[in-house]
């Protein structure tokens, strides 16, 4: 019997979390968001999602097979990358560009560093930033949501020939008699035309033919599910949103005619998707408690600064990538304090006992012999 | 470049030798440089002149020759002579004349912040129609393929066939500010229809023209008659 | 980190909540019969091994001194049963390497009664004499660390102590021996506290018990002699509440400075089992010949807390408690910190508080867990009660950067509670790596 | 005898092109390499300009090697290099202002290109003029090849053209990133990846 | 058209970061970004040298313009900047050994690199006045330091990763620089 014994060192029990489980639940929580996106934009969005996710998975498989990176496609992380990437590009993004972007996301954003866990930058955002720099026109070309016939007809740009410029969607939109809303995003409308969309419409994404992503409220709800089950660190979105909200409020109070109201800023563009699903990518965010707050705060601040003051209407992606780059530095300055490292001057108020010698408790009793004075040395004499 | 400086030298060379070598090198190099400078001087000057002429001719199609002028802060217009420093606050412009020596148009520079850096451009002003008749870029660092569409986009260049920059009644400012509007929403002759996808650069062009014209034209127009014919 | 725990004032920060699995908490302590042979290793504690004073072939009586303390950092051992010394030879031990042990063949008709004792009048003894008496009992910490108790009680020159902290947390899942001791032997515990208070000169005693053992809290409160400065305090249930620094945090709200002992704050920490046994042994003048051990786990048919002669081989314990043959892993101690053993011939020693048997099912489940690179989820950072960064430590360990771990990341402060490994979704054997790293650093320092 | 000299000269020449290629192997002079290679023409011009400075400076440094005291040698090299850079600067202005604008400050920055100072110090200062010119020419060509291999890729992907000739027709979607700064980093990085992958493959093949 | 000092600073620091957008000072950026302990002092030292260079170039440009000797600009910039840095180094060694120990060892490495000469050439080309020139060189130095420090901290972190063998080395640094450069593109247009 002793021959069959197995040795493994402590601890011998495990908590109930595993990488696959966490990732799987993130995919579950993304499904409603994706479904809504498809509901908004029809088969183009669906095709884009399928193509991009498939590319990510194939690329991951290729690099795992060739031994370049660790992990496997069954850990679902590449699925998350694909879905988030698809949610963050326009629904009519040409499918061939989707393939390029998905490949870059995994190859450059993940495999290059050795695969899951080792990447410094958020892979989906590396892919998207590459696409934004490579195909800036296509990635800024949104179409309006809830177009009639969206479930039977592709947005023309989706089916562009590989390597070729996608056809203009303007003509196509004219056919739909919707040329007045040629697909400027609310942020673009604000930045270039000074039009501030209603925050309520933005929250629900249901305000008619708007060029927006899935409803921020839906994203918050799905994120809340993840946070409540501890699959996601709630502090990061909390930090991002409060820092962005704070900066936006201060600027709004300073000059309400020049800056949009904070609610517009919070619910427009990709801020919610970024704060809840992208900034929270654990691999690329700090592990330390203070670090998490600094990281989230930095993202919120940079997002607002880029949106309000730079040439681009949207800055969430760049803010997160920059914070990813700063993550090792942030972690370095926010290492946790070792228990007992800082001499605690004051005891916690909630403590039941004080360390002061409790003179009042010195009461004689029959059963217990109470020493009269404190013994200072009770070691037996050395022999 | 690593210029490793020997800290301790075991055997020091006499100072004379060092000075001698440095002198020799300086002499040789001085000769080479001066030679190169002299031999290319004319070609470079020619190149620069040709480049300037080409730029001006491009924005004022009828032009055949140009003269450089300054508008002094007081409003006086005088011909620019030599490479001397321009007086503070003076505005530079080029008057272009046709082959008969008649004023064909005015060219001036403007600049504004674009997507990546400032966009510097040269625009041609026609006193006859009181409008901008051409725009060319002097320098920019806009994104190739996006921002640099302002050079080639046909629909965009149509904006500058006759962009209205009339002065108001008091001749103190433009009657209507030059303004860049979102692609497809141009309604007035003083508006610029932006390029979709390059709104930022398009607006920089509009701002550059507006800022420069607002400063130059109110001073230039009253004195236009003085330069009607080639000096 | 859940939102709730962020705002609720917990006893100490971080830590984990493993399933408690304390199935044996409701059963009273049972006796375990003698095995045919008992094996008494000469070193069962931190310190120097005892010196054997018996020869092979010699008859010994239960409770008789068979090995004497070799100096101050050592404790004596007493015969756990009446029988014949069969051999003094190398035997497998819980600590891993084989070590010198006295093997006693138990007489068939041996009784459980301790036949060898020297009753003494405790109230006549001076503090130093009490401490000498503690050493003579052969007592070491029964909480798991097996540190000689008399050394803890001896207040060094210049220092002073004011409070005795009694550790009744028993935060390890599965284990219930301390719990049962508190319920069934509260009076012995009070007696032990009384002697140790006199020996150390402390003014009061605080007993900390996790709030999942309220029956023990009530039993102890009922047993506190009227007016005595002995306080029974329930503390939140959370692993590792039983670690002395965490317990002190819960009770007094202060952190024991890193690298310092509780003594530096005027505290002496002892386990309930230690004190309860002392309460019995000291007046009777007996030595420690048995202890209470929880035998439990999914692989055990008749789990329970057993009063067990020291030296009982595990094979005997498992047979008696009904552990089926396909049991695959036997752990001395609890599941979080306990040690898996290689040989079932290993005897129960003074530091063994639990015997946990896991079946093949649990083993295959563990073996199937896939190892991933650290995904930097930060769970370990939020679990480490010592405020370390196991994530970075783990990555450093994987690259063999041991000295960086020690110098920049406080490896030395890790007390190997295992919280980090417990939570890690990537299944990285963090604490295991840290043990290796510490070992390597120690060897380097020694070299 | 002559063949031996020829062989040595050939070695000297090939050194910079392959074994010690400044771009791919030594990774020197990165700033111009990445900054000006948005098109093949720019890359070629920069390569030629640098080669010119390299060859002339090495020749002069080598000529003066026996009268240059150790203490002032760096100063001498710098002055010599700066001289030829100034010459090139004016020459390009005379040839084409458009090219001059495209290459920007990087012509003048040839002065600080480590390749040149490195060659001057490591080779020209110790060898006769002809040898060091051959060596410098090899380096210059190696550098030009490096620049071209970047310029070609960046131009093809970034504009769909090669030396200004359209390759894929008017509808080609340019990959703007290739002519932006990140594109420069990625293309050079990819070349290096390709080489190290190749080297590794050869090594594996050898071991098998 | 004249940019404010603040715009110049922000541009040189972020939007047109010297290293990541203008490709200046890549050799030290790739060479000295392996460890944070050296990267930060290197950044400081470079910033310092850039300030010195900018100062020298400003004075020298006035002088050369006055003498109509513009064709000697490049050669005199490089000689004067190199000598000034040497001089500063000697002064520092004599009067502030602490500062010298922290920065001095880096100075010979950077007497002239692209960033240092570049700052001089660009400020001349853009006809900056004194204040503009100094903010430009300070912003450029700060931008260089920022890029270097970010790069170094990321590379240090990657020491603990399983970066594939083929990628290790310069290729990895370049790819990282590319991604960093991508993430700095968001700042385009910030300085104005």
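So that you can tell them apart, the chains are marked A, B, C, D and E in the order they are listed, and the count of residues begins at 1 in each.
Just so it is clear, contacts are C-beta pairs under 8 Å (C-beta built on N, C-alpha and C of every residue); 3 or more make two chains touch, one makes a residue touch a chain.
What you are looking at is a predicted structure, and each value in this text was computed from that prediction instead of being measured.
*Asks:* Of all the chains shown, whose C-alpha centre falls nearest the centre of every protein C-alpha atom combined?
*Replies:* Chain nearest the overall C-alpha centroid, as shown: A.
*Asks:* Quick check: more C-beta contact pairs at D-E or at B-E?
*Replies:* D-E
*Asks:* Taking each chain's centre as the mean of its C-alpha atoms, give the chain farthest from chain C.
*Replies:* If we average the C-alpha coordinates per chain, B ends up farthest from chain C.
*Asks:* Roughly how many whole angstrom separate the Cα centroids of chain A and chain E?
*Replies:* It comes to 34 Å between the two C-alpha centres.
*Asks:* At what distance in angstrom does the C-alpha mean of chain D lie from that of chain C?
*Replies:* Comparing mean C-alpha positions, chain D is 71 Å from chain C.
*Asks:* Whole-Å distance, chain A centre to chain C centre, using C-alpha means?
*Replies:* 44
*Asks:* Mark out which residues of chain A touch at least two other chains, giving numbers and ranges.
*Replies:* Residue numbers touching two or more other chains: 70, 108, 114-115, 117-118, 130, 133, 136, 311.
*Asks:* Send over the residues of chain B in touch with two or more other chains.
*Replies:* Answer for chain B, listing residues that touch two or more other chains: 1-5, 29, 33, 37, 114-116, 143, 145-146, 200.
*Asks:* Pull out every residue in chain C that's touching 2 or more other chains.
*Replies:* 373, 392
*Asks:* What are the touching chain pairs in this one?
*Replies:* So, checking each combination of chains, I get A-B, A-C, A-D, A-E, B-D, B-E, C-E, D-E as the touching pairs.
*Asks:* Could you pull out which chain B residues touch chain A in their complex?
*Replies:* Those in contact with chain A are residues 114-116, 143, 145-146, 182, 184, 196-197, 199-200, 203.
*Asks:* Which residues of chain B touch chain E in their complex?
*Replies:* Touch residues, chain B against chain E: 1-5, 29, 33-34, 37, 111, 113-118, 120, 200.
*Asks:* If you look only at chain E, which of its residues touch chain B in the complex?
*Replies:* 1, 3, 11, 15-16, 71-72, 75, 82, 86, 108-109, 111-113, 188-189, 191-192
*Asks:* If we count contacts the way the header does, which residues on chain B are in touch with chain D in the complex?
*Replies:* These residues of chain B touch chain D: 1-6, 9, 12-13, 17-18, 20-22, 24-26, 28-29, 32-33, 36-37, 40, 43-44, 47-48, 51, 139, 143-146.
*Asks:* Which positions of chain C touch chain E when the two form their complex?
*Replies:* Contact set of chain C toward chain E: 373, 392, 395-396, 398-399.
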